[in-house]
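Below you'll find the structure I mean.
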């Protein structure tokens, strides 16, 4: 995988590629994808945690990485994130372990700004 | 499917069947499954919502039904639950629609105790 | 499952339920879902067949049923549909067999308007 | 689901439908599907247990039911089958619980011919 | 992942490895896999597009890459391929985005022989 | 993927990371995961083969690699392992081929201690 070093850059390159070449459908989907995580009856913060767990049970490393960044930006501590990953681990089973493992690795590279 | 009328009863029957016939491994897993949703760094309430979204993207009607009951017991309004289902719908795509549809059906059968 | 007799009616009930209670996100997704199957560089006809195969490998009976109706309305013969199901069967493996079986059952209930 | 009462009959009806209407590809796949479970370096007996676990982690009730019948015909005891289901439960997580529950239900309807 | 540079070579190495070491079952499956994409009631061309969408919703980068090569060889334009990917994106949801992104990357490396 | 050279080391690093930072839930799950593969009504040997097939149909390269190592340690020959992979290939379809291919590659790097 090794998307860690350039993960944010690759994601930025995608956005540009889609803006340049993408269909109207794909652009509408990208907009809707962003809208679904905005404050509403639930906070953007809670929705981001939902996105992290959904990504983990569906076993998508890129998606997990993105939501790990976002949940930390929105102030979740490592302890809180690890408990969200626990729910994913129990729901999704041992087949999620390699992804949970890589998620722990990503967390280790980030200072826990909420103290621990 | 039609598990709606006796959903809670069937779930109760399972617990008894597992207590009677289940292996030690399955019993330990059932205990761990319950432990993962208890208050910790995240509240039990938040974890239940994570379970709902995980169940929806993995498209398990029985699991969705169970977490719909639990999230309502723990005080989430229909508006909040529908926004959680939105995240699942966007992450999981149109293939989740039949499950989201049945989830809306379950919600309609329940009074929204949080007002709406 | 037994969604066959009232499949179209239930789908209609959903549309109304979503129009009445659904979030803005879910309504936007439903609109986008319809837009993705319209004529473009590819015909609506071809896209419907793509939807059938996607639904079959992801093993969603309701989705398969819907796309079986649509592909027949758009003029695909039973022979053509069965070859599309073949691709799904080979890509998705024997785990798709119960769904392919139910798809054959749905086809049998429909006259092949393209002759056979 | 409720495929229990007529499960074997429906499966028989499928075989006839495929023999009558199926493509050459689907018939070749059905033959190959049967060949993969025959005695070889591994026994047919062991392969059937592999099929049961594969079906359980992929969460296909019809497939689980079929392999539960077959593994019992080939002499596995309920205790052995429950341990195979344990592996599926741990690998696949709590999302498999409704399927494991229904598998326990199927086992209960069958006398354990291997004693218990 | 980074299978892009040697993708075709690795695939060739596999065919040789399977021809040398593979079981009779695996060889029969490989033959059947090829047969399912040949001209019949549907053209080979259409079937290849079905394979692309099936591979995308099941999120298999190697499979997507293979079908991207094949669909272009069979004369689909980039516009047509992107609309097929749209169907996969809508059916499969945002979890397919990293794969759709890599598919766009593969397309960019290839001249659109159908003009654009 | 290229996890082959340091696969065992990375797995060891995970165990330490989980022992140091993991939640109680994750540690309990890891213990239970190991317990599920111990001798019981079925042998540890058979259970490991079940784990291999479950990992293959769920398409997790790390999990497949781990179970390939374990099944060989427990005395399964390459012929036996290839037949287990056949069951996974037939159940899971052509989408599993890239994973089966990499499994064959891992086998080739290992001497078949059971003779062939």
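Labels A, B, C, D, E and F are assigned to the chains in the order they are written; within every chain, residues are numbered from 1.
One rule holds for everything that comes next: a contact is a pair of C-beta atoms (placed from the backbone, for glycine too) under 8 Å apart; a residue touches a chain by one contact, two chains touch by 3 or more.
If you're wondering where the values come from, they're calculated on a predicted model, not measured in any experiment.
In this structure, the chain pairs B-D and D-E differ in their number of contacting C-beta pairs, and the larger number is found at B-D.
Repeating the C-D interface with over half of its contact pairs identical by residue number, the matching pair from A-B, B-F or B-C is B-C. Mostly differing positions are employed by chain A and chain F in their mutual contact, as under half of the interface residue numbers are shared between these two copies.
Centroid analysis (C-alpha atoms only) places B farthest from chain E. One finds 22 Å separating the Cα centroids of chain D and chain F. For the pair chain C and chain F, the distance between C-alpha centroids works out to 36 Å. Mean C-alpha positions place chain A and chain E at a centre distance of 27 Å. Contact with two or more other chains is made by residues 1-2, 23, 25, 29, 32-33, 36, 40, 54-55, 57-58, 63, 82-83, 86, 89-92, 94-95 of chain B. Contacts from chain D toward chain E in the complex involve residues 23-25, 28-29, 32, 35-36, 40. Put simply, chain F touches chain C in their complex at residues 57, 89-96.
Those residues of chain E lying in contact with chain C across their complex are 32-33, 36-37, 40-42, 46-47, 49-51, 53-55, 57-58, 63, 77, 79-80, 82-84, 86-92.
On chain A, the positions that touch chain E within their shared complex are 1-2, 10, 14, 17-18, 21-23, 25-26, 29, 33, 54-55, 58, 60, 62-63. Those residues of chain B that touch chain C in the shared complex are 1-2, 59, 78, 82-83, 85-86, 89-90, 94-95, 97-98, 100-101, 104-105, 107-108.
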